[in-house]
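Both complexes shown next keep chain A, but they swap its partner, so chain B is in the first and chain C is in the second.
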Partner chain A sequence: MIKFIEGPLWYVALTVFIVGVAWRLMALLTMKRPNDLSEARLPRGGAGGALKALVQHSIPHGGNLGRTLYHFLTGYMFHIGLFILVLFAAPHVEFIQKHLIGADIGWPKLPRWAFIIAAEAAFAGLILLYVHRLTDPVKKQLSDIDDHLGVWLTFIVMLTGCLALQEAHAGLRAFHMLSVEALLIYLPFSRLIHAFTFAFARARTGATYGRRGFTP
Partner chain B sequence: MTAQPGEIAPDERPVNVKAAIDKMEALLGGHMAAYLDACVHCGQCAQACHFHEATQNPRYTPALKLQPMTRVYRRNMAPFSGLRKALGMAPEITEADLRDWEPLIFDTCTMCGRCTIVCPMAIDIASVVAATRQAFVAAGLGPPDLLQAADNARDKGSPLGVTPEVLEDRVEWLADDNEVEIALDKDKADVLLTVSSIEMMKYPDSVVAMAKLLNGAGVDWTLSSKGYEATNFGVLSGKGDVARIMVERIAAGAEAVGAKTVVVPECGHAYGVLRWSGANLLGRELPFEVLHITEYLAALKRQGKLKFKPYDAQAVTYHDPCQISRRGGATADARYLLEGFATDFREMTPTGNYNWCCGGGGGVQAMGSAADVRHEVFRIKMAQVEATGAPALVSACANCRLTMDESKKALAWDKELLSIVELLADNLDNPASDTPATD
Partner chain C sequence: MSLIAVVLMVFVGLPHVTSATAQQMPPPQALKNEGIATPGGSVRPPVGAVNLPGSASSVRRPGDPAAGGSVPPPDHARGDQSISDEFWSRIRHGQRGDVVLHSPGNRVLIQSSGEDWRLLRNRQVARYGAMALLGVLAAIVLFYLLRGRIKIKGGRTGRVIPRFSLAQRITHWFAATLVVLLGISGLIILFGKSILLPVLGPQAFSLVASAAMQGHNLFGPLFLAAVLGLLVFFLKGNVPRAVDVSWFFKGGGLLGGHASAGKYNAGQKIWFLLTIVLGFAICVSGFVLLFPDALADRTQAQLANLAHGIAALIFIAAGLGHAYIGSLGMEGAFEAMSVGTVDENWAKEHHDLWYAEHKGEATTDYVRAEVSAGAAGDGLMRGVRP
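Moving on, here comes the complex of A and B:
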């Protein structure tokens, strides 16, 4: 069973993830889009606006920091913590070397103390964001099953990852792998696709309004 | 909403759900799908929306206004839509859904674009709302008074009944009454001036002021009975055919006189539509440049053709019309005009591209059903102005002005509302300022 989870099922999940994400992004790129015939205020305003929006929307701007501080802090705690764990946790680096790129290529692995800090930040961020989703009247009205599933799947992946850290029990590692595979399969069909589509949305708005003279 | 005698009550209107779906599918392109695929339901947009902030009603959250398009996209167009349908995860929209969403799409969105600034994904919700309005109209929905305004524009030439004959009468009356030349239907002119029927019927001094300023600068300009109405209720109401007709009329007027420049009066959406959507509605590049009156007057001031006596009667602050500043990119010119003129000019917080909407943009001004919530929204503007300590608020949009005038009256507010062109014309310091250029 463990061999199946770490072998064929892993490659199936990875394939679904890659093909699914590629399909969704290709669909966005190949859908019709209107040609803007208006005369731009700034000659290269569109390209500049797209780049500006890509960067600018990573941080609150326009006097909105105070109003969005909770999201800003918890969102960054979760995302940065998660990315550090995914890319630099020692078992992840070793797994990627073993299954994808070979032992010749590698990068620094997180020491244990750094793993703990990153994990705590990611957990705290995710939990605080979710508490807000459950209690804030605006978010409660917006949320649907996809929002909850995405959070729970991510939480289970992180939790099982921490449990598997000691590698004391092969079953725990398999459980972590299984939850990761579930997340990979779920992502292309869900709102978690924002991990890729955020760039499309930001660039589109930036290009549209950059040529008008103000990138929102 | 209360129906007028002989009118079908709004909730008894037949609704063609399929027509709405077909329209949304026709309008949904990659640009919009990117937005729908990116929203993570974080709800931050609520904090940038005046309707939510004034009422604290979560129903007014801008992201909720993406729902109609999102539902159609996920069920019929997005990748894996067949799978979603098979699993029952993408229900078809219903008549009840459309009726439920109608106030969100019309009454409580001024398409001001403030939510885009705060959105981590930069989703342009206003543009999605504009497209969604077209689908609702195709289904037979939409506020009757807004739709009537669009029909008036198509059938009579303007939403407030300014036909070419009425235009001629009003121009003659204003010219005589104010002893100013107002050129109408000259054979040739460098500049075609357009007007808003709100100005023509409710704030005619604004038309006189524009004439005085253009005459004072020696501009070769004219109004044209072929294309005079700057407002575009076709866009605001979601009636695409009317939107195109209104732009075609202005283009015909400009081309008839050989105008190189079309000047849009004090009207935010009129500027936004003609400047940034006019060519797209027409299907070809515009053979003239489009400038808002503040842009054009600023250019004349830079060229030394306009001079003003300093205005020191009172402190003033400036309200940025959303479609001119944030969504139009012409934020700086009104300030350039006020610079060195209004001796005690005070900015609001926030201001410029981040300013709060007046509450009446996007056609909301014309919706009787939205009046109460609009007045609540205006309290934000009142607080902004009061924080500056200025007793007067200047703006460059007749629609904002009408919205604010109505709310000022409803809330018994004591501040003064001024038009920037009227203020400038009253303090024009050019010799022979009433003399128009001759052909």
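Moving on, here comes the complex of A and C:
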């Protein structure tokens, strides 16, 4: 069973993930824009607007700090923590070298204390964001099964990964691998795809408004 | 094991021995009688096994050329004297030695009080803890069977009052999530060996125990943030008042008659106090257990372990009652923490003094009440929002 999870199933999940993400990105990039016959208000307003939106929408702006502080803090705690764990956790670096690249990638491996801090931040951020989703009167109305499934899958992946931290049991590693594979298969077809599309989406919105001389 | 070996090897003036040897070793005198080498002792063949001088012998006394010996005795040899008794006694009584690894706890090879701790934890704490948890569960079931769900006597009015802000509810559920994760993993650590091991077998239990320990250590520090959040967001209204005394004497209304209460009744105030006091005790002792090598000796870690377990067991037992009365046990209570509002009659029956202050806010517009509650709760937490 473990051999199947770490062998054929891993490659199937990885293939679905890569093809799915590529397909979603291609669809986004080749999406037709409505004709805009108006003159650009600013020279190179589109590019400037895209850049401005990318920066501006990543931090509280427009006097919204008070309203967005909670999401700003918890969101960054979760995303930065997860990013660090995925790419720099020592077992992940070894896995990437062994199963994906086949050579030394030269990335630093997190020491254990740094792993713990990143994991604490990621878990705290994810739980706080999800509790907010469940209790906020507006947000809970906007949430559907995709949002809940995405959060739970991410949580399970993080949890099984941390439970296997001791690396003493192949069974715990297999649980983690299995949950990762489920996430890889689910991600391209869910809102979790925002991990890859958020920059394009923000840039496009910014470019559209930048051409009109205003970036919200 | 390697650490113990290192400690042994550098004990001044003491011969080398592995910890496994030390633990399994019969009394030195018995070993000597059997002709077995004891650490630091001399090799003495069994009686009658050695030929006396003059007889044909293949056994030569060391260092005695006349007897054919050619190897001089080591400088520390003491002939038929043995230091093994003294050696063992010193270790057994916590003799400190010099070590290569400079951690205070490493200087002691055998910490005898550790056995007392082990027995206390595995027998008293685990036994009485299990009894307390099962007792509380039995009491809840019995109460439910006898009393049933506490209904809103006057029925629902269809009018709701904002009660808890979004910040309060998020803090509550953040803490509750951690309590569940830490509670389950902690109970596995405490009771797993006696309950799960016989059921799962050693291999599966080893996996579960390893996962529980990792999870417990990981989520533990977050609990401190949750306790601090609870202190900040729930302190207002939880200060004792005179009315709490009469609430007690009336058993919260269970012993007959109406028991008046403000926003929080006396039972809730005690639960808040327990949460803060036990929560901090659990956090402090938990941090001590996360860094045992920073302690002066192992006794502190053992005391922290006992305090951690006892405080957590009391907290879980009380928490079971809190979870019951806040959900299945009382109609209308769960909404206070899920949507932030309560029915007008619920407020009148359970928190009449608080209701008197807020009855003007009762509305049939559920959505507006929920949004209003999210922003400022009942006004106590106005201006604090996530």
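Rule of thumb we're sticking to: the second predicted complex is superposed on the first by the 215 of 216 C-alpha atoms of A that agree within 3 Å, B and C clash if a C-alpha of one lies under 4 Å from a C-alpha of the other, contacts with A are read in each partner's own complex, and residues count from 1 in each chain.
Just so we're on the same page, a contact is a pair of C-beta atoms (placed from the backbone, for glycine too) under 8 Å apart; a residue touches a chain by one contact, two chains touch by 3 or more.
In this text, all values refer to a predicted model and were calculated from it rather than measured experimentally.
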Three-chain arrangement built on chain A, chain B and chain C clash or fit
fit
Report for A:169: first if it touches chain B alone, second if chain C alone, otherwise both or neither.
second
So in the superposed three-chain picture, is A:134 touching just chain B, just chain C, both, or none of them (first/second/both/neither)?
second
Counting only touches as set out at the top, which of chain B and chain C does A:53 meet: first, second, both, neither?
first
So, does A:159 touch the first partner chain B, the second partner chain C, both, or neither?
second
Touch check for A:61: first (chain B), second (chain C), both, or neither?
first
Going by the contact rule set out at the top, does A:33 touch chain B (first), chain C (second), both, or neither?
first
Does the superposition put A:116 against chain B (first), chain C (second), both, or neither?
second
See if chain A has more residues touched by chain B or by chain C, and give me that chain.
B
Counting only touches as set out at the top, which of chain B and chain C does A:143 meet: first, second, both, neither?
first
Closest CA approach of chain B to chain C after superposing, in angstrom, is 5
Taking the contacts chain A makes with chain B in one complex and with chain C in the other, which residues are shared?
136-138
Okay, in this complex, where on chain C does chain A touch?
166, 169-170, 173-174, 177-178, 206-207, 210-211, 213-215, 218-219, 221-222, 225, 338-340, 367, 370-371, 374, 385-386
Help me check something: in the complex, which residues belonging to chain A touch chain B?
20, 23-24, 27-39, 41, 53, 57-58, 60-64, 67-68, 71, 75, 133, 136-144, 147, 188-189, 191, 193-194, 197-198, 200-202, 204-206, 208-209, 212-214, 216
How about chain B: which of its residues touch chain A in the complex?
28-31, 33-35, 37-44, 46-48, 52, 58-59, 61, 63-64, 77-80, 83-84, 113, 116-124, 127, 275-280, 282-286, 289, 325-331, 349-350, 353-354
Given the complex, residues on chain A that touch chain C span 66, 70, 116, 119-120, 123-124, 127-128, 131-132, 134-138, 159, 162-166, 168-169, 171-172
